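Presented sequentially are two complexes of chain A, the first with chain B as partner and the second with chain C.
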Partner chain A sequence: MHIPDGFLSPQTYLPAYALAAGAWAWAARGLRARLDEELVPRLAAMTALAYGLGLVMVPVPGGTSGHALGVAMLALLFGPRLAFLAYSLVLVLQSLLFGAGGITALPVNALAMGLAGAFAAVAVHRALRGINETAAVALAAWVSVVVSAALVALVLGAQPLVAQRADGTPLFFPFGFSIVLPAVLLPHLAIGVGEALLTVAVWRFARRRRWRAAA
Partner chain B sequence: MTPAGWLAAYLGAVVAVGFVHSPAALAALFACALAAAGRPRWRLLRRALVAVLAFNLAVSAGYAAVALWRGDFAADYLLLVNLRVLLLVFLGFWFVARVNVLAAFAFSPTLTLLATLAVVQAQHFARLARDFRLAFVSRNPAPARLADRARHASAQAATLLDKSVAGAAETALAMRSRGGFDD
Partner chain C sequence: MKRLLPLLCLPLAAAQALAHEVHATVAAAPATVVTLTYADGEPFSFEAFEVHADASDRPLLVGRTDAQGRAVFLAPAAGETRLRAFSADGHGVDLRLPPPAAGAAAAPAAADDRPARILFGLGLLLAVFGLVQLWQKKRGKG
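== the complex of A and B ==
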């Protein structure tokens, strides 16, 4: 669901950078103390997996892309702060190496997918894990995808209102909420099912190897 | 110019491009960037075109359909948005071609550490996946059944993750021995 470069106005991405900078500083606080030889390889492997998942994307007619995130997997295994940092790193690498996403869209993509997606996953998992662990993990992953997609769609849909010429011609992303919300959300309802299956598989893999979950 | 200088110039150019709303001015800026990129310009342009093609086609076709239906089609908007996206992606690829991306994280040793491990892991994944695929093909002279493919994919995924964690653990130990975890 990356927003590509060039579709967000500076009026959107500059304040988003300010917000994201605060979030990155908060997430990085005390990071060195938490990273050790046991956590770093696991985090690196899962970050690389999220990086690979994000590159298998299909364009969505509403103007963004559909792909699995891996954010729920990162958040449930390492907590939302590390998940946000790791996914931000994934977005930077995808943007610079493959032109997927972009530097102007980075803060919105990171806040929507890396931060909101991670917190949504952890919240759902905590609420439901007492009932059924597998269902809690699956639903956490599905909700993280849908929440992230909804936020991305809202930011994109606001662009014709934020920046347009005097005659109403858009300057950045052309579609309003009525088009972009269903165009982005509907495919991600299905993508969320794939994300849920993947997250449950990785969760079971981690459990079999006795990784200590963060969430 | 130092990597930090290139990074500052790149970020400044990216922000400036966002404030240009004239297709003619963007085309002139794009021509300047192409001229300044030197010998790799056509390779970079081809990469940028491939990277933006699918998304820009989807947005452009969608916009054209909706705007024609509404009767407010503006060809200069299509030119503006496609030129802007192409220029931004070209600038990104040009920056990466000139500067080691990992050097851009030099301000944070922790980010450098994570980025190095993630990039190495991504390459490790790609190599392992190719080896597994070739091995599977070589063991199946006839096309494999769907159930066989599913079993293979499941076994491959678990092995990939195990190998990846083991590889990253080795890299982390090597980095520790060289002071990578020291403040």
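== the complex of A and C ==
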């Protein structure tokens, strides 16, 4: 669901950069206090896992392909602020090395997946962990993917309304909400299930080793 | 004679009808072929693409990739050509291709160096966290 370069209008990505800059500054605030010698290697390992997951393409019915994000596991293990920073780093690498997501689209990708996805995961987990821990983790991961996909689809679907040529044809991404929302969301309902299974496995691994849960 | 007058006008009407004919001329010309695939090699097939001359917003051509993910078009003789391809689920590319005289169309990053790029990215990522760890240790000593 990484948005490439050339798909978003400047009217979209410039305000998004301003918003993301504020969010990155907020996430980095107090970073010193939150990091310790045990947490940094764990965060590095999980960020590397998220980086790897983003490169493993899984065929999705309909002829396209998708991949897991790993945002939920970062958010549940380290909290949404560290998850947002770590996932933004993953997005930069994926963009520069693989063209998976653009530099102009970076703030939208980071806000949709790294921030909204992380907060969605933490919110769902907090709401449900009292009922059943495993189900809470799984649902948190699934919701995280679906919320991220919905935001990406909304931003893409808005492009024909935001920037047009003189004759009314879209200047950037050409498909409207009615096409983009189902095209992006439906595959991610399935991808979210894979993300949920993966997040539960990583969560159990971390719990067995008594990693501190930030959420 | 008056009754024959409409019949005599028929050839004029036929001349008007010619304006609705579409004529075809077939000629061979060297085309630019850009093959688009997903990272796993799956063709980016039957997806929308636009070809633009240089910095123009108005496309020279709009079309769809074929079953093998190929966008085929005649590039302008001079200046860069911009190829944009979109799928409804947000995949696609925005490529700038050199003029045909400059040689074959530039390919995006080659797929065969992907493992090297994966390792390079992993190295960069771990280097960043290594620096964070050093910074954190230095802070602890300070």
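Assume the second predicted complex is superposed on the first by the 206 of 215 C-alpha atoms of A that agree within 3 Å, B and C clash if a C-alpha of one lies under 4 Å from a C-alpha of the other, contacts with A are read in each partner's own complex, and residues count from 1 in each chain.
Rule of thumb we're sticking to: a residue touches a chain if its C-beta (ideal position, glycine included) is under 8 Å from a C-beta of that chain, and two chains touch if they have at least 3 such contacts.
What you are looking at is a predicted structure, and each value in this text was computed from that prediction instead of being measured.
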Chain C versus chain B on the shared chain A, clash or fit after superposition: clash
Touched partner set for A:Pro4, first chain B, second chain C, both or neither: both
Partner chain in contact with A:Leu43 - chain B first, chain C second, else both or neither: both
Chain B versus chain C as contact partner of A:Pro187, first or second or both or neither: second
Contacts of A:Ala28 with chain B and chain C, given as first, second, both or neither: first
First, second, both or neither for A:Ile179, with chain B first and chain C second: both
Chain B versus chain C as contact partner of A:Val202, first or second or both or neither: first
A:Gly168 touches, of chain B and chain C: first, second, both or neither? first
Touched partner set for A:Leu97, first chain B, second chain C, both or neither: both
Touched partner set for A:Leu156, first chain B, second chain C, both or neither: second
Superposed model, chain A: greater residue contact from chain B or chain C: B
Footprint overlap on chain A, where chain B in one structure and chain C in the other make contact: 4-7, 32, 35, 37, 40-41, 43-44, 47-48, 51-52, 59, 63-65, 89-90, 93, 97-100, 102, 165, 171, 173-175, 179
Touching residues on chain C, where the partner in the complex is chain A: 38-40, 42, 45-46, 48, 57-58, 84, 86-94, 108-109, 114, 117-118, 120-122, 124-126, 128-130, 132-133, 136-137, 139-140
Chain A - residues contacting chain B, complex: 4-7, 9-10, 13-14, 28, 31-32, 35, 37, 40-45, 47-49, 51-52, 59-65, 85-86, 89-90, 93, 95-100, 102-104, 165, 168-175, 179, 201-202, 205, 209
Chain C-facing residues of chain A, complex: 1-7, 32, 35-37, 40-41, 43-44, 47-48, 51-52, 55, 57, 59, 63-65, 89-90, 93-94, 97-100, 102, 152-153, 156, 165, 171, 173-175, 179-180, 183-184, 187
Residues of chain B defined as touching chain A within the complex: 10-11, 14-15, 18-19, 21, 47-48, 51-52, 54-59, 62-63, 66-67, 72, 74, 76-77, 80-81, 84-85, 87-89, 92-93, 95-96, 101, 104, 108, 110-111, 113-115, 117-122, 124-126, 157-158, 161-162, 164-169, 171-173, 176, 181, 183
